[in-house]
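Order of writing sets the labels: A, B, C, D, E and F. Residues in every chain begin at 1.
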Amino acid sequence: MVLDSGDTAFILICTAMVVLMTPGVGLFYGGLVRRKNFISMLALAFIAFSIVTLQWVTFGYSLAFGPDIAGLIGGLDYVGLAGVGMDGEGIPDLLFMVFQLAFAGLTLAILTSGVAERIKLSAFIVFGLLWTTLVYDPLAHWAWGGGWAASLGALDFAGGTVVHISSGFGALALALVIGKRAGFGQYSMEAHNIPMTLLGGALLWFGWFAFNAGSALAADGLAANAFVVTNIAAATGALAWLAAAWIKGTPASIGMISGAIAGLVAITPAAGFVGPMAAIAIGGVAGIICYGALLFRTNRGLDESLDAWAIHGVGGFWGALATGIFAAAAIGGVDGLIYGNVNQFLIQALDAFVAMGYAFGMTYLIAKVVDKVIGLRVSEEEEYVGLDLALHGESATT
Amino acid sequence: MKMIIAYIRPERFDRVKEALVEKGFFALSVTEIRGRGAQKGITLRGGKVSIDLLPKLKLEIGVEDTFAESVVHIIREAAWTGKVGDGRIFVLPVDFSVRVRDENITTA
Amino acid sequence: MKMIIAYIRPERFDRVKEALVEKGFFALSVTEIRGRGAQKGITLRGGKVSIDLLPKLKLEIGVEDTFAESVVHIIREAAWTGKVGDGRIFVLPVDFSVRVRDENITTA
Amino acid sequence: MKMIIAYIRPERFDRVKEALVEKGFFALSVTEIRGRGAQKGITLRGGKVSIDLLPKLKLEIGVEDTFAESVVHIIREAAWTGKVGDGRIFVLPVDFSVRVRDENITTA
Amino acid sequence: MVLDSGDTAFILICTAMVVLMTPGVGLFYGGLVRRKNFISMLALAFIAFSIVTLQWVTFGYSLAFGPDIAGLIGGLDYVGLAGVGMDGEGIPDLLFMVFQLAFAGLTLAILTSGVAERIKLSAFIVFGLLWTTLVYDPLAHWAWGGGWAASLGALDFAGGTVVHISSGFGALALALVIGKRAGFGQYSMEAHNIPMTLLGGALLWFGWFAFNAGSALAADGLAANAFVVTNIAAATGALAWLAAAWIKGTPASIGMISGAIAGLVAITPAAGFVGPMAAIAIGGVAGIICYGALLFRTNRGLDESLDAWAIHGVGGFWGALATGIFAAAAIGGVDGLIYGNVNQFLIQALDAFVAMGYAFGMTYLIAKVVDKVIGLRVSEEEEYVGLDLALHGESATT
Amino acid sequence: MVLDSGDTAFILICTAMVVLMTPGVGLFYGGLVRRKNFISMLALAFIAFSIVTLQWVTFGYSLAFGPDIAGLIGGLDYVGLAGVGMDGEGIPDLLFMVFQLAFAGLTLAILTSGVAERIKLSAFIVFGLLWTTLVYDPLAHWAWGGGWAASLGALDFAGGTVVHISSGFGALALALVIGKRAGFGQYSMEAHNIPMTLLGGALLWFGWFAFNAGSALAADGLAANAFVVTNIAAATGALAWLAAAWIKGTPASIGMISGAIAGLVAITPAAGFVGPMAAIAIGGVAGIICYGALLFRTNRGLDESLDAWAIHGVGGFWGALATGIFAAAAIGGVDGLIYGNVNQFLIQALDAFVAMGYAFGMTYLIAKVVDKVIGLRVSEEEEYVGLDLALHGESATT
């Protein structure tokens, strides 16, 4: 029970960097929507983070990391952060708590992809509190709080299932419940400010180092490995998507940055288990299949508007499998498929499937209930005018 | 010659453009404006919020006199949704017009 | 019909809009432009810096002939500060005008 | 009075402005627009990419009838490059015009 | 006299993050003004930071942290950084110096709120040098350099009085001297680019972790506590202001981010002394009263243009009192009012009052003198054209 | 061979911060070009970083840091990161590798200044891979990998020659080969979004702390010294350029931020060898001479479009010399000219000259070859339309 100042320093800064990812998502999404909903996307990110902060410190952390109950959820011992103090092993308990808080907040922000440009603010707040409680907290418990997935030996270094499968498939469910944007498919809804999306992407790339390397919870060689593979997967993902899009037509910068995010997502569960050369494969494949998922999504006329499903959902799923494929005992103590460990691959697949099913189903349920009770969606006029003016009374630029 | 000035919904622009091209009218200039018609914009949540200026696109198309009516017709058809805010088209007389490049003066 | 084109100070826009509404003129289109009048803009610090194009708003209002003068009058009164840069109003003839929505053609 | 509406290349704006000032025409209003002429924009890489709307500047200059032709001439000369996209100038009649500041009505 | 690499790593990074807050303030303010003064607000932030850098390393640091003279000011022993070297206790002396430099620079940048869109660049430079010397340096000395406030036992963990009361009430004094913007109250002067304000706010939130947690000067449990309460107060402040504005009308995003800043300001002096649940109270109240202060300010027709007074001044004042109310010995070694220590509350109140009075009075004096001697304000035409073009010869966007 | 958690924490975060500098350069450059090439500049930065990432982890790192061959280049021992693992001295070897990767990526991004608004994407990728292999890797080896410059005793703390002389003079060569932008000198090509340039500049200033202080490879007093002098040189550079431009006419914010970058560039090789007061001189002179270089460049009608030459090239050259002038043994163990060590100054001059000549000549050669084989430049129409639309099929803002 002794603190290490180096590890503590590392996780303190990492936490700040992960917090910055939430407005990063806001900028990323805000640039992709139409100008009239720019502020809305940014505000949703801030609000997501703020409500999760309060939920987490009052009871969410306890649900996720309290003493395990039946492998499913944590007990209420840490409600109000009781017993979560300034000391701890390696790093202060409070610091671990807030590092995890940053993950929870970010996850809800990613989910706004599915309801972009059409959700009621009040409904989002209610939905968000329910979602983080009923979806995020259990998933975090399963993987990291001593739940069944952890017991089974499922590997999720920094949140492939907890953060990305959950938000990606959650966004899909949400999009199905709330319905398409008015005019979707009839006229083009181009990204209105791509440089903001690229800036948001840069902040995400930056924060992701902290997200993945910080998940080592120590400033050590494992953190360095996570850092390196994170960067490699991002770069490969960016180039792979760019190349694929170039072959099919145009090397758009949105594709490039989406590919980087896809690579980052896919390496997330694997970052502490695979080496640099595997990261090239993981990132490259992620760039290609997430691009494919996006094409599939648009061809099907689905309005999961900002592609959390294609990038986070599909990328996270691939990452969970890839961890089971490329894990090397030399790095994280566990071997994967390519080293003959079929079992690990099957565990990964099971974990990913359950997370996908649970996140999708539970999100669908919550969304339906919220929609019935208070209504998820703004009025037709409000949507036409745009949420910036209609809800916030503001215009992004004058 | 006539100058046709059309205020339309931004989301109908692509459709209007295509309709014009189909009939052989290529030239046009587009400006982003904000505006309101006689309805004073949109009122939300039972009058609590009222948005009086909405983004519109303004098209300007200079055409020979004989084409004016058909261009107006094309635009109107492609821009029509039937809801408040569809816009308005004005046709103004032009004394004369010149092309900068070839100095070929058209008077009408 | 007439098309009234008014270049005014941006900071006077709200006042002009209200004045128009008061007299029952709702419809208008607004564009952000930059411009200068006969004074060639503003000269600062004894001529060391000269700013030749200042932001202005351009209003376009299509009205029946009979209202043209009173709209001009309303705008002028509400836009007036008495200082250089107050702007200018032009009234152009309109051959005809149609509303996209209801196909109700007004000719003047 | 006439309202001269000129669509020109943005990169020629400074030159046009100077040419006008040289001949004593100071007043003008400028709007950023996008447009295309009869050539339907620019086609790249053997038709694989086609850009149909390019940024242009729109100048509006209200002048006395007697100056209209010379202003058109000045603009055309200064805006000319000889390549596709040089733009077009329209001259519209103006019923009357007033200056907001000094209430000095000019009719033409 | 031995360095700890973990603590040193922490404060090195924290310093960089606090430095980033200054352009963060520039963006925050730049988005709030009219487009024609966007560059001006950003440039003022950079210039504030640059001139304070030179002042601080030549003599400012010595005034603040040199050997105490009568409880009022530091001696000149460290002029030119003489004796401030690469070694130190825990962290290098040079590092402590530059961490404090970042605070000083930021404080001057906050102050530009009071003169936004109308100050002469030359006057700002002269004023800024005088202000940081005559207001900031003494206040820093009083609280942290061994001055009277420190001797008295006044608590200011990270700068509630030194940074926020001083800049907030300074901005108010400055606004009174320079006068209202032309046209203020006659036509609306809306924020021209709210996403930039939100981005600036995100950078401030990010940097504030370093500001507050770094003030522990070590990567330890206290830093973790400061980090956690900082985040909680920000989130609560954001939600409280948003809710209050919603009840009165519209949940604007500017209110939301202002509430976050209000929460961050209020928790600043308290961050090392109070726990997470107190942070909810401190942040929530900050969101409400700073919103009230803003309404008061606009109702009174005061043109303290970007609300440094309402947010930093009033929020800082509340934070100083709140520290006296909620301090818990278990965290920072001192109890506050709710634990029966009335004395601490009175000390806090006294400290806040003196800081407020001194900052307001001295700022007023300096502003008056500078105004008399070289004139604070640009000409009417320059103000009309906007400072970007008139002073810098530039336009924010073409 | 034992890791220090504090040092590791420091370099982990520093690396993330240096990575953020690459999009920082993208924003800085993106704001300076015309709107129609905004996305292009950002995309080039991301692409530069991505391709260098793959080059570096496959063989670039080995060329730079592999066992020395004749003082000229590293051997292939580390190809595919073989033998670069999670342990190391002080910090993990993998971490040192990725810290250096961030430098290599950034350097290529700086170089895009010379081809802004007119380079073909395919040509840039080919050129970039050749350039980083044939110019960057050898220069890195010479200075830091045990090459001839290191043997000679040339000092380059964080990359004055490796990063800045190379990219600055490389950009000049590239600009000469690709030719002027159409219309250059005939009509003005103003910066279209100065706030983005200032934001990019702020991210650069932020990242530069990590760049320079991180080059100590430990969280110690030397890092603190590097941090402090970095900040001083930036501030002084900003004020010096601003003042010079003010005297000649207008204190533009672009000048101010360029001066800051000039100061940062110049202090880069010196950061671990000089003290705070020398930093004032180095930064101040950098601001002036880089401003002079810019005026020279524009007077000569050279279209090295975004002034990498004037700022990075000339500033880096001055920095290399200044290191030889102001180095103090008390700080970095070596004395410079002002302490009577003429020799060091001559070594610095030699090193800078060779780096300049090699970078310029080799870049010229590579550019010529790429131009001959696949063509560096887009078509006239593509350039007219702008690279955003023509190459990426996107518009920065709608």
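By our rule, contacts are C-beta pairs under 8 Å (C-beta built on N, C-alpha and C of every residue); 3 or more make two chains touch, one makes a residue touch a chain.
The model shown is predicted, which means the values in this text are computed figures rather than measured ones.
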Item to check | Count of contact steps on the shortest path from chain B to chain E | outcome: 2
Item to check | Pair joined by the larger number of C-beta contacts - B-C, A-E | outcome: A-E
Checklist entry - Over half of the interface residue numbers used by both chain A and chain F, so same, or under half, so different? => result different
Checklist entry - When the centre of a chain is set as the mean of its C-alpha atoms, what distance in Å lies between chain C and chain E? => result 44
Next on the checklist: So the centre of each chain is just the mean of its C-alpha atoms; given that, what is the distance between chain E and chain F in Å?
Outcome noted: 33
Checklist outcome for this item: chain D and chain E have mean C-alpha positions lying a whole-number Å distance apart equal to 50
Checklist entry - Where in chain B do residues touch two or more other chains at once? => result 31, 49, 92-93
Checklist outcome for this item: Shared-interface residues of chain F (touching two or more other chains) are 4-7, 9-10, 13, 17, 250, 393
Checklist entry - Pairwise, which chains touch? => result A-B, A-E, A-F, B-C, B-D, C-D, C-E, D-F, E-F
Checklist outcome for this item: Within their complex, chain A touches chain E through residues 3-10, 12-13, 15-17, 19-20, 23, 26-27, 30, 38-39, 42-43, 46-47, 49-51, 53-54, 57, 80-81, 85-88, 91-92, 94-95, 97-98, 101, 121, 196, 391-398
Item to check | Residue ranges of chain B in contact with chain A within the complex | outcome: 11-12, 14-15, 42-45, 49, 51, 54-55
Checklist outcome for this item: As the complex stands, chain F meets chain D at residues 36, 183, 186-188, 379, 381-382, 384-385, 389-390, 393
Item to check | In the complex with chain A, residue positions of chain E that touch it | outcome: 4-7, 9-10, 13-14, 17, 34-35, 190-195, 198-199, 201-202, 205-206, 209-210, 213, 218-225, 227-228, 231-232, 234-236, 238-239, 242, 249-254, 256-257, 260, 275-277, 280, 331
Next on the checklist: So in the complex, the part of chain C that touches chain D is made up of which residues?
Outcome noted: 2, 5-8, 31-40, 52-53, 56, 58, 68, 72, 75-76, 79-84, 86-93
